[in-house]
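Pasting the structures here.
Two complexes, one shared chain (chain A), two partners (chain B, chain C).
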Partner chain A sequence: MAAGGEAHSPLEQFEITRLVDLNLGGVDISFTNSALWMVIIVALSTLFFVIATSRAAIVPGRLQSIAELSYEFVAGLLRDNAGKEGMKYFPFVFTIFIFVLMANMLGMVPYSFTVTSHLAVTATMSLIIILGITVLGLVKHGFGFFHVFLPSGVPMWLAPLLIVIEVISYLTRPVSLAVRLFANMMAGHTTLKVFAGFVVALGVAGVVPLLFVVALTALEVLIAFLQAYIFTILTCIYLHDAFHPHH
Partner chain B sequence: MRLGVEFVSGFVVGGLIGWALDRWFGTRPWFMVVFFLLGAAAGTVNLIRAARRLQAEAEASEEQNSSTRG
Partner chain C sequence: MRQIFLGLALATAAVSPALAEGAEKKGLPQLRFEDFPPQIFWLVISFVVLLVLLSTLVLPKLQGTIEGRKAKLEGDLATAVSLKDEAAAAIAAYEKALAAARQRANAIAAEAKAQIEAAAAARKAELEAKLAEEAKAAEVRINATKAAALAEVRSIALEAARAIATKVAGIEVDDASAASAVDAALGRNG
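Entry: the complex of A and B
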């Protein structure tokens, strides 16, 4: 069977292992490898921005330019998609972008764990985002926020049907937000591992899948960035609805 | 991938709502049938909106390119 005697499943990389067993009132809150990587992500990105902005110069150095570029990038996204009011929530959106980007990119490091390849993580993030935006919209507009569910200029007899469809459409937002990120990361990493398995199994002919793996790795880096971008831009677009419930 | 998820999630959410309502009222399978169809409609609405957004983005970047060139 597999060379080396050990059979590694391409799905083994997604396994959750407990590092420290913790139990709080019957709830299992063990510190897992997933939690460890999330801590690493937060620590690394905090460290990076602290160092990058510690010696702020008018002519930015290399690190400072990266920090400034990422600021400009997210600020532009937010301004274009959520409008000026959205800039108030820049810290939130920026944190989301950096967290997802770091999670995806660190996932590309061999032997690391890709946090965003778990639906539990992405679903939690998207639920927090959508619930937060809904609460924000209700606070800002009160009952007027429900205009989201009724496009203007709709004949009255169509309204009941359209409201149901719009409500379902609204409820799909957390689902699509979470599933898109999770599915992309999971599928990409599984494909990489499957092709890497071919390299070993095919011996000399393994050069062909090896070339594939190299190309796929480059593609995965692109996808890691692209998915962080899409996650952020959709957050901005949904945030826009909280400020302007009228379509 | 981006558009596919938008579309399919409509079906999934519609189906789930119908399934839950059926369990609640014991009316299997009627709510599920109705909400599956409504979910399909919602998925289509999502799809159209996402496609429009993509098109607007593409047009915006095209305009930007032509304005910087010209």
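Entry: the complex of A and C
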């Protein structure tokens, strides 16, 4: 987002730079700018919630209201989409929501780094979510979990076709979950950067793209929230399958 | 399902401009696979840390606060309902007492009225009896006076008759003949 002095590529903001080189058994685990912002996300989220819940008043103050609102928001999502059994996984889903939301929102701060604009991050999260849900479903229902691929009441001659479609649809889940978030974050930030470049290039006429950038920033804040919401609600919906494989 | 399609559409729409931009330089930073391991490592570390921090420090407290508030609200509502019932019971008791008091007041009033009426009737009867008695006595007195007066009239008439007879006729009338003549005259006129 930052309109730097040099002629940066709009993709420069996504560069991973190693701040501390680390190596664990031949695997590169360097502390990068991405890792720094993850630490900031964890620190800020924890700090916010600890301060917000420190007083625990019956009539909540502003911060406490926000904390309770986010709690009930995620709890509502989980209860509505995954049912009562899903509430056991509330801390996990809540952490996903807060992590993604914080990553997206902190990405809106100038000169910051958007953790969720990287495929490595979103793909890891979505793979863990889908694999976890699949393992959970198999543990809970055993072979019955494969009913996910064949809804009951379907004529047998349709089964081969339907199973193929459902398997593909199931395998697409982690891909769509990962790509949606990373692509949205990346596209938004790239667009902002491109238009911000025009502001400087056009001189006085740069007011026009500047206004556009302002409007786009507002839209990006909305999208930052929306994508966190979508990521969370899809997690809840997929979690539903683990408990109710029969459509 | 609809959401997935929507998401895919959003994603493709979002990716296309980005891919066009990324064609220059050395490709998308997102697709440099040598950068994947450090990101994944630190993602797992930070996510687990956040999960542990939130679920130990924050979530139990938040849940406690929210459930405590819910319990307090429900308790307060229950108290309000019981207080309302109590108030209704108190009003009912008050009205019952009021009705009883009114009934007693009516009874007392009726009794007093009856007493007063009885007393008045007794006094009236007494008075009437007294008046009747006085009237009787008066009648007796009147009759006595009348009889006396009549007797007096007879003796005066007798004397007058004897005097007139002496003056006019110059005869001395004895008492017995004068009396019989007067009695005859009185009987005629009387």
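What we mean here is this: the second predicted complex is superposed on the first by the 242 of 247 C-alpha atoms of A that agree within 3 Å, B and C clash if a C-alpha of one lies under 4 Å from a C-alpha of the other, contacts with A are read in each partner's own complex, and residues count from 1 in each chain.
Keep this in mind: contacts are C-beta pairs under 8 Å (C-beta built on N, C-alpha and C of every residue); 3 or more make two chains touch, one makes a residue touch a chain.
Treat the numbers as computed from the prediction; the structure is a model and nothing was measured.
Applying the stated contact rule after C-alpha superposition, one finds that A:Ser30 touches chain C and leaves chain B untouched. When both complexes are overlaid on chain A, the residue A:Ile230 reaches chain B and chain C alike. Of the two partner chains placed around the shared chain by superposition, chain C is the only one that A:Thr95 touches, whereas chain B remains out of contact. In the superposition on chain A, A:Val179 contacts both chain B and chain C.
Residue contacts after overlaying the shared chain place A:Thr217 against neither chain B nor chain C. Look at A:Thr46: by the touch rule set out above, it reaches chain C but stays clear of chain B. Using the contact criterion defined above for the overlaid structures, shared-chain residue A:Val194 touches chain C, although it does not reach chain B. Counting contacts by the rule stated earlier, residues 169, 172, 176, 179-180, 183-184, 230, 237 of chain A appear in both its interface with chain B and its interface with chain C.
Listing the residues of chain B that touch chain A in their complex gives 1-2, 5-6, 9-10, 12-14, 17, 35, 38-39, 41-43, 45-46, 53. Contact residues of chain C toward chain A in the complex are 3-4, 7-8, 10-11, 14-15, 17-18, 21-22, 24-25, 28-32, 34-47, 49-51, 53-55, 57-59, 61-66, 68-69, 72.
Taken in their complex, chain A has these residues touching chain B: 161, 164-166, 168-169, 171-172, 175-176, 179-180, 183-184, 230, 237. Residue ranges of chain A in contact with chain C, taken from their complex: 9-11, 14-16, 18, 22, 24, 27-32, 34-35, 38-39, 41-42, 45-46, 49-50, 53, 56-58, 60, 64, 67-68, 71-72, 90-92, 94-95, 98-99, 115, 117-121, 124-125, 169, 172-173, 176-177, 179-180, 182-184, 186-188, 190-191, 194, 230, 233-234, 237.
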